[in-house]
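The following pair of complexes shares a single chain, chain A, combined with chain B in the former and chain C in the latter.
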Partner chain A sequence: MRPWLTLAIIAVAAVLLALLPLTGDAVWIQFGINALLLATCAQAWNILGGFTGYVSFGNSVFYGLGTYGTAAAMTQLGWLFPVGLALGAGAAMVLALLLGIPILRLRGPYFAIATLGLSAAMAAVVSNIDAVGANIGLILPLTRADGMFYELALALLLACTLTVAWLARSRFGSGLVAIREDEDAAASMGVDTTRYKVIALVLSALFTAIAGGIHAYWITFINPASAFDPTLNVQMVIFAVFGGPGTVLGPVVGAFILSAIYEVLASWISTAAAFLFGLVIVLAVIFTPRGLADIFGGVRRHGAAYLLQNIRENRL
Partner chain B sequence: MLLAQILVNGILLGGLYGLMGLGMALVWGVLNIVNLAHGSFIMLGGYAVFYLFTLAGIDPLAALPIAMAMLFVFGWLLQRFVLNLIVRSELLNTLLITFGLDVVITYLAQYLFTADFRTINPSYAGANITAAGVTVPLLLLAAFLIALLLAGALWLLLNRLPLGRAIRATAQNLVAARLYGVDPRSVYALTFGLGAALAAAAGGLYGITAHLTPYIGVTLTAKSFVIAIIGGLDNPFHIVLGGIVLGVAESLTALYLGPTYTDVISFGLLVVVLVVRPRRALRAA
Partner chain C sequence: MSAAADAIAPATAPVLDARDLTKRFQGLVSVNAVSFTLAKSEILGLIGPNGAGKTTLINMISGALAPSAGELWFEGRRIDGVPAYQRAHLGIGRTFQVMKPFPRLTVLENVAVGALFGFHGGIRSMKEAREAARQCVEFTGLARRIDQSADALGGPDRKRLELAKALAMRPRLLLLDEVMAGLTPVEVDEVVDVIAKIRDSGVTIIVIEHVIKAIRRLSDRILVLHHGEKIAEGDPATVLGDQRVIEAYLGTRRQ
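Moving on to the complex of A and B:
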């Protein structure tokens, strides 16, 4: 997609979404806050996962740190919300830096699994720290300002998406893509692969942690199980991959579509919602293995046979 | 004496863990699929044994091979008609599709079996022997021996039988194997079926020693992951050993630090193993 077209779509979508609270419909706003935060997480995951191909199952750790940083700063230290957000984001970035250096040496499934291990270990560590409520959790001061949370989440998603749009055009982003395509070749061409990957992880941690902090203040109650929920991480991956990893708009569109489908299914046929959700994922992987974003180009290349073409390429 | 008891418990539990890891490692090593639905296969195996015992009155240990055969067919069909469509695509996609399958299976299980806690409870469930002050639960001992037996059978199959040679050849070089007359579609289906059958054996034994719910899959998948990584993918006995390492580590942690720390240790161990020994033979099945 041409860069000006991408930017135009982002601008129009941002304005339209920013106007949504004017309808005053509480259900829509609450759904919106959730969808926007999830989309931010998917987009942040995309920075590392989509561009470098390093599948992280540890992003929920950054989310949890953002959640706990914000909550602990506000309840235990009595600091203001923005300061708490900064604290949580700072903690997540420092952790990303410290962990990224040893763990990003691992490739392929090993990296994925190491991050999965980290996220499980972190949740268990936090649930043993009494200062942050151990297993019970923390309760934040109640603020009834859904409109504000909505606009904050939107601003965060916008910042994250613009960062990815910049990545897609910049030398740094090309370096990341080179790592995805062939890491050894990238290194031999002079890309400082470790530094690139660590920076990508730190950026990813920054946005994920702020999303966690906003969610904590909005929902006003957190505990280790919800803050470090590994299924949240799986959702990030699914949204990004469903929409199209390594693209600018794919992860956001994927997040919106899938959260909408899930929401509709849950209210319409509540018991079978998860079942159909799983089925959608299975079918999506079979028919559009490169993500929804690929459909536009794919249909232009192959016409209606595009979906079967995908199977032909990937079947045994 | 407490320490000896804890070690024995850990080792016996580790045998069961090893059995969980076997199917995961087989599928991963041969098909290059990290099967996120592995834990839900274990869960299905557990329910198969549970219903064979409660409805048909078949002794749980005798029901084990039946459950294995059922899950073999299930896994074979799944690979032959669904996963083979996508198996050549990136790792990310196979992760995603098996995750989707896990969600589907979990909710079908919840619908069919309800969310009630189930335990397979034969008359000899609590039997144990005491030797030198250490109590050995007989069922865990049986589970341990069955794990060793199945690891041995898998080793024999892979290293001594023609089918095993075809499986190893497919894992090493798909194109070359095809040139030598191996049909990778059926080899993949057979391998995935075997992985599911091993999961069923683990599930049946798990159901005798712990509670079954439709939701145990995710945790068991994560454990199987850890075990496959600690043990490596090349030798079934190493995987059982990996299971024992995990079982002992968890038991010791529960004793000295408290049960809430077991996950910290088992997943911390995983990260340490990965960082210290990053380049193990991955596809040498």
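Moving on to the complex of A and C:
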């Protein structure tokens, strides 16, 4: 897609979405906050998973750190919300930096497994820290300002998407894509692969953690199980892969569509919603393995062979 | 080049100086104490039977593999501990025998990576890098494929793509690992002409090749590896007539 068209779509969508709270419909606004935060997570995952080719199951850890950083700063230290957000984001970025250097040496499934282990461990670690409420969790001051949370979430998604749009056209992004396509060839052509991968992970951690912080203040109650929920990470992967990993708009569109389908299913037939949602995803993966970007990109291929080819290429 | 860099690398220093380069894999000695030097704009033909250690030697020069022993000097500075990407910045470019295209990128995007990241860390501007890449694509005869994705290319075009990617890095030393394998005689002649032109622009080149006709035409000097050891080195006519070289390739003549 041409860059000016991408930017035009982003601008129009941002303006339209920003106007949604004017409807004053609480259900829509609450659905919107959730969908915008999930879309941000999927887009942040896309920086590492879609552009760099490293499938992370550890992004829920960054989300949890953002959640806890914000909550602990506000409840235990009495700091302001923005300072809490910065604390959570800082903690997530430091962790990404420290862990990225050893973990990003692993390739393909080994990287995925290592990050999965990390996400399982973090909930257990936080459950044992009394200063942040151990198992019980933390309760944040209640603020009835859904409109503000909505606009904050939208601003975050916009910042994350503009970052990805820049990636898609920049020298740095070209380096990430080269790593995804063939890491050894990228290194031999002069790409400082370790530094590029770590920066991608840190960027991914930054946006994911801020999303967690906004969610914490909005939902007002957090505990280790909800903050470090591995299923959130699975959602990031599904949304991004459904929409088109490595594209600018795919993960956002994927997150909106799948969140909407899930909401409809949940309100319509709550017990079987998860099952039907799974069915939707299976069908989507079979028919558009490279995501919606396939359909809009004019690629009309599907079937088992194409599915397998894409699984290999996406290293899933 | 700045004046300071020139002082470190006087004109008399060889472009590449390999001293007793050795690579062991567990118990297997793949390259055993191989030494040689390269002068500026020289083409060295590297030949030897399959498994002789040619690609391992190239991998040690490009930084894909660390040597087990020995030293490697490039333009007067020691590089055997320098990571691969920094060697690319110093001016060492390579192709891969088992080709490594970026499959989902177009030919132009593939080659642009070389321009963006190669010698001196590459060109910062995307626009200028794409223009430089376009020239390399045209130079290697891939112009009509420029917007195709790399995984749609056939074998010969993939070889050309490897060459274009390495060339876009603006290398001072170019390592070519079997860029002519599988090409027709006409295509071999085209590639030989391209390589000769690259050398004429001041690039030093190591060519691994089994196409002896091409090696004979291109090389100023030939180095022969056999079981990881250097068994001959010298001008093409002498080396290709050497009895040990013929035996290494064809086996011993029955009496």
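In this text, the second predicted complex is superposed on the first by the 297 of 316 C-alpha atoms of A that agree within 3 Å, B and C clash if a C-alpha of one lies under 4 Å from a C-alpha of the other, contacts with A are read in each partner's own complex, and residues count from 1 in each chain.
One rule holds for everything that comes next: contacts are C-beta pairs under 8 Å (C-beta built on N, C-alpha and C of every residue); 3 or more make two chains touch, one makes a residue touch a chain.
Keep in mind that what you see is a predicted model, and the values were worked out from it rather than measured.
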item	value
Which superposed partner A:I103 touches (first chain B, second chain C, both, neither)	first
First (chain B), second (chain C), both or neither touched by A:V177	second
Per-residue touch tally on chain A - higher for chain B or for chain C	B
Partner chain in contact with A:G190 - chain B first, chain C second, else both or neither	second
Which superposed partner A:T23 touches (first chain B, second chain C, both, neither)	neither
Overlapping contact positions on chain A, where the chain C interface meets the chain B interface	313
Of chain A, residues touching chain B in the complex	53, 55, 102-103, 105-110, 112-114, 116-118, 120-121, 123-125, 127-128, 135, 230, 234, 237-238, 241, 245, 271-272, 274-275, 277-282, 285-286, 289, 311, 313-316
For the chain C and chain A complex, residues of the former touching the latter	62-64, 83-86, 88-89, 93-94, 96, 100-105, 109, 112-114, 116-119, 121-122, 124, 126, 129, 165-166, 169
Chain A - residues contacting chain C, complex	169-171, 174-175, 177-178, 181-182, 184-193, 313
Chain A-facing residues of chain B, complex	28, 34, 82, 84-93, 95-97, 99-104, 106-108, 111, 184-185, 188, 218, 222, 225-226, 229, 260-264, 267-268, 270-271, 274-275, 278
